[in-house]
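Mind having a look at this structure? Questions to follow.
Think of it as A, B, C, D and E in the order they're written, each chain with its own count starting at 1.
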Amino acid sequence: MEILDSIFLNTKKIFLDLLGCWLPDWMILLVNIGIIIGVIAVLGPVIMMYLTLLERKIIGRMQNRIGPNRVGIFGILQPIADGIKMFTKEDIIPQNADKIVHFLAPVLMVIPALLAFAVLPFGRGMIPVNLNVGLLFFIAVSSTSTICVFMASWASRNKFSILGGMRSAAQMISYEIPMVLSVVPVILSAESLSTYAIVEAQARWSGLHWFVFTPWGLLAFIIFFLCGVAECNRSPFDLPEAESEIVAGFHTEYSGMKFALFYMAEYMNTFTVSALAATLFLGGWEGPVLPSWLWFFIKTHALIFVMFWFRGTLPRFRVDQLMGLAWKLFLPLTLINIFVAGGYHLISDRNFRVAGASAVLLVSFLLFTVFLNRKYMPEKRRYDLVD
Amino acid sequence: MMIPLEHYLIFAATLFAIGIYGALIRRNIIGILISIELMLNAVNVNLVAFSRSTSLAPETGQVFAIFVIAVAAASVAVGLAIVIALYRVRKSVYTEDIHLLKW
Amino acid sequence: MPKSYTVQNTDLLDTQTLEVNFGPQHPSTHGVFRMFVELDGEVIVTLKPVMGYLHRNHEQIAENLTYLGIMPYTDRLDYFNAMTNNLGYAMAVEKLAGITVPERAQYIRVIVSEFTRLINHLSLVGFLLNDLGAFFTPILYAFREREKILDVFEEISGSRMMCNYLRFGGVKCDLSPAVLETMKKITRNFPKFLDEFEALLSKNEILCMRCQNVGVLPKELAVNSSITGPVLRASGINYDIRKVDRYSLYDRFRFRVPLGRKGDTYDRYYVRVLEMRESVKILEQALQDIPVGEILNPKTAPFAKAPRNFKPPVGEDYGRIESPKGELGYYVVSDGTPQPWRYHIRAPSFINLTILEDICLGHKVADAIIILGSLDIVLGEVDR
Amino acid sequence: MFFGLGVLRGLMVTLKNFVTSYFMPPDRGGLFTVEYPEKRLPVIERFRNFPFLVYDKDPENPRCVACEICANECPTKCIYIEKDTDPNKKPLRRPAIFDIDITVCMNCGICEEVCPFDSIYMDHPFEVASSDRLEKLLFHKNDLLKSNDYFHKIRPTHAAAIDARRRAVEEKKKSAAVKPSETGQPPKAQNGGKP
Amino acid sequence: MELLNLAGIAGVYTLMLVILIAAVAMVTLRSLFHSALALAAVLIGIAGIYLTLQADFLAMIQILIYVGAVMTLIIFAVMLTEHLSHQTVRQNNRQSPLAIAGICAFLFCLTGVIVRTPWPLQPQNQTATITAMELGKAFMGQYVFAFELISVFLIAALIGAIVIARKDK
């Protein structure tokens, strides 16, 4: 299994040794970095293209229909067809739009999405850049996309996009805070910010060793995942581009290639957020039999399936409910979660009495916050059938 | 990576000078606030540059830099709150219109 | 010289209201319907519905056609339920001309209009969920069931939606035993589908949060603006024309009328789900004891070949039925010639639309779209 | 009850549909789509699309006698008929021109009901789209004429009933014609007075 | 290898140049929105400078706090106050030539001082990369009082901002 596990590492080493015979050694260093950058630059868009196809197939199957199967055997070439369509579509710039900012917004939207790939541990030893502040890098980079949303909505100068821009910025900010706080317990128990060390920490513990099996880990995982969904403006929280209300939110005035960039940024965010959730809580590339990078992709695609599943089923939140959920439900839960995780980590590592106590504490606090928000909870309705 | 300390200091100084220039000539209050941000950042660069080459414990510079960032964020928050309150009353954010102590 | 400083109004950041047109091409208004909305931030200040984009001059055309010639036009009024439109028109003319309808034809008419009620409520719930943002899943489940019923309609009348199936004094063609069998199968496993549909939607917290206490229609406003149909019953008023007029055979079937209590969007949604369950009960009873016999009153047979000679006596009449959207009435005035002198339709969607502004004020933009969806309007019927 | 329960139950419904769409038959949660151009749904017998004219033996003399009842009764007035005239300008009981403008026709089936000579019925093919709006969408007589066995092919029961009724009328007329000749009275002037 | 080092140093100098250009642009651009974006560019540049000074925790903090939150705040303020319509108002008042002269003089003597003073250099600190662990120990150890004070200060600023900006009913 070892060979299969580090198959990519070996091929790279062989390739570099091959080059080594007639290139100076510092050039090899550059080539190594070049390979990594090339892999990410190719991996990002390809993942994005095949996520769009995967989404349409999955949601199709949920609705008892087939999903795209005309282009290529099972619709394999559909993303390429979409790409060509996006290229050839005419690129309309509104007349009184702010030309530079209008052009810059989609480009700057894609850059953070691509940068986030640099920190994900794809497999044992296969991490593009092993920063010791990897997790913080991911959060910082994903928070810069708010500005691009502002630029897009301000530059197109129309009512709908400004309304959408304000809404999505407010949503992104209010979901960033619970997201950051829900990651703190993981850092606390893995004692390091680097994603590689976090995955190794999950491998070190004996028994069921993923963070998601600890009580605070489960709560943090749910909150992190939901905030991640909100961060990339997807399903139950996809208010900014709510078609039924304000047409298409901040990218109303975009068409052709620019719209494709927004689309690409959204899907890459989907991939990176679920990859990070898998790394932090589901043990990254930890797995019994299969090679490590395969485990990583299985877990990430499981979480991506859940995101598409949300999109296929759940209706959309309204603006105030959306904000209420973030500030009144997620934030208090994450704060308490940090205390419980601290206590859990301090008292002992793995015995069940402590786990039970913290679970009870967490569930009681959850019910308490739900009780506090009961004004927003749905009420039971009775109907009388009259003759 | 041997960049002499002086180069960082000169860079920070010029950044600081640009910040002052911006603060002096801008007519829009938000413009002034932005320039003050720039000046604070220039100070941060200095702190971090010094932290690596003086006799003190290496992390003191960074601790101070983080404190400066915290204070700067708080100042921007309060500053912009005041700007919005002003705009609500005065309908303009230009420094000429705001020179009455009480209206 | 400093500018003169008059103390401006010291009210607070008066963001000027934003006029937004949810125009005829908006993705979620059902057909060509415009709402001129004035927004203060997110909250609706004024809302003015603008209609008439789909006006096809239906009543004027009808005055130059024979009575039979109007029948295919009534399919296109409320294009979701053609059969109940035909039924309303046929009953009005039969009352005018004094034609009785044989037993089996009455049963077929009840079966067919109850199936149409299922279709209409299915697609309403689907479109309402579409406005709420559920990405097409509920509507595709609803349309899967609707396809089965439309295939049955095609078997009996020849066309899925534009059925043109009823004639004065009965129906155009008979139900073959095979069609009766498929109808029984559909009504047998419809409740199972409804349970799955409700499991997906009714208890869904997001749906409840979005729909409860949104667009509350008080009782007296509903009565004063002559609202009819499920929208009225969701506000708690027991007025169902099938029970009030007891027209055709409805007094023979045991079924109950669901009533809501608060009259908000969630009640309007759930009352329609309960009505679907009641319609399935009626269908089971009707399909059970449908008699054998002729399907067209022999007195009207000669007119089938020559609609020109069908001249109802001079006079006027108003026939009304409980269409899935409310009280659908036909007012026909005849002057002895084969063409009606005056022909008017009381469209329930048009009248239910008048209260849109009153129940939308104070709500957010997203709610206005859902309230419009819950009123279940079809532009063909509104603009005629 | 617990906040997220309804949402979870809804998710289970879609998951069940996702799973069953792979192996269940169409009506119990399986795949419902029929891939149109390759596989098609069977056309239902009573389906009515645009009308067509029936002729018994050869297209020259269709059943239609150009009585224009259908043209008058058609709600949208989309039928145009002109009588045929023999060489010396005497009108014949046959249509020279019989046009149906299918952009106007709403396939309501009234012409089929009112035609006393069983000559016009509703057809089945629905793929009649064409790029040219005027010329190709105006069906002339030779586009409309179709044989009786084509009528049998697309509408077996209905065509059989029509033919049975026509044969009954034929017998009654023949028997009526035979009976007076047996009783010696001169046959009514059936066909130009020839015996 | 020294080619690589050279490239690295050249990279740092170009980064400094880019930051200076963005800062000048920020100060002189007419539309406030554009100058806010220029500020964002400067901030990201300065995060890059921290990386070259091996202060990567600080760089990430800088991006997260400044570019993530402070910039959003500034752009919100710009959107709320700037009318969509006119952009023609002159952004700079009349003292700019005088200001330029004064600032150049100030800059000149400052650089003179920087170049002349003999900075006490401690070579062994040059390469020590400070990880988040040491910063955490410093915060909880030597500077714990300042840390608590800053949190009180932030809360006060938070509440103050809300009270001022709130549209009191």
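Just a few scattered comments:
Just so it is clear, a residue touches a chain if its C-beta (ideal position, glycine included) is under 8 Å from a C-beta of that chain, and two chains touch if they have at least 3 such contacts.
Just so it is clear, the model here is predicted, and its values are computed rather than measured.
Per-pair tallies of C-beta contacts place B-E first. Comparing chain C-alpha centroids with the centroid of the full set of protein C-alpha atoms picks out A as the closest. Taking each chain's centre as the mean of its C-alpha atoms, the one that lies farthest from the centre of chain D is B. Between chain C and chain D the centroid-to-centroid distance comes to 31 Å (mean Cα coordinates, whole Å).
Distance from the chain C centre to the chain E centre is 63 Å, each centre being the mean of its Cα atoms. Centroids built from CA atoms put chain C at 44 Å from chain A. Mean C-alpha position of chain B lies 84 Å from that of chain D.
In chain E, 57, 61, 69, 76, 80, 167 are the positions where the chain touches two or more neighbouring chains simultaneously. Within chain A, the positions touching two or more other chains are listed as 62-65, 312-314, 377-378.
Residue positions of chain B with contacts to 2 or more other chains are 84, 87-88. Per the touch definition, chain D reaches chain A in the complex via residues 2-3, 6-7, 10-11, 13-15, 17-18, 21-22, 29-33, 35.
By the touch criterion given at the top, residues 1, 3-4, 31, 33-34, 37, 40, 44, 56-57, 60-61, 63-64, 67-69, 71-72, 75-76, 79, 84, 131-132 of chain E touch chain A in their complex.
Residues of chain B that touch chain E in their complex: 1-3, 5-11, 13-15, 17-22, 24-28, 30-31, 33-35, 37-38, 41, 44-45, 48-49, 51-55, 57-63, 65-67, 69-78, 80-85, 87-88, 93-95. Contact residues on chain D toward chain C in their complex (touch as defined above): 3-7, 9-10, 12-14, 17, 27, 32, 44, 46-48, 69, 72-73, 75, 106-110, 113-114, 116, 122. Listing the residues of chain A that touch chain C in their complex gives 59, 62-65, 159-160, 163, 235-236, 238, 242-247, 311-321, 376-379, 381-387.
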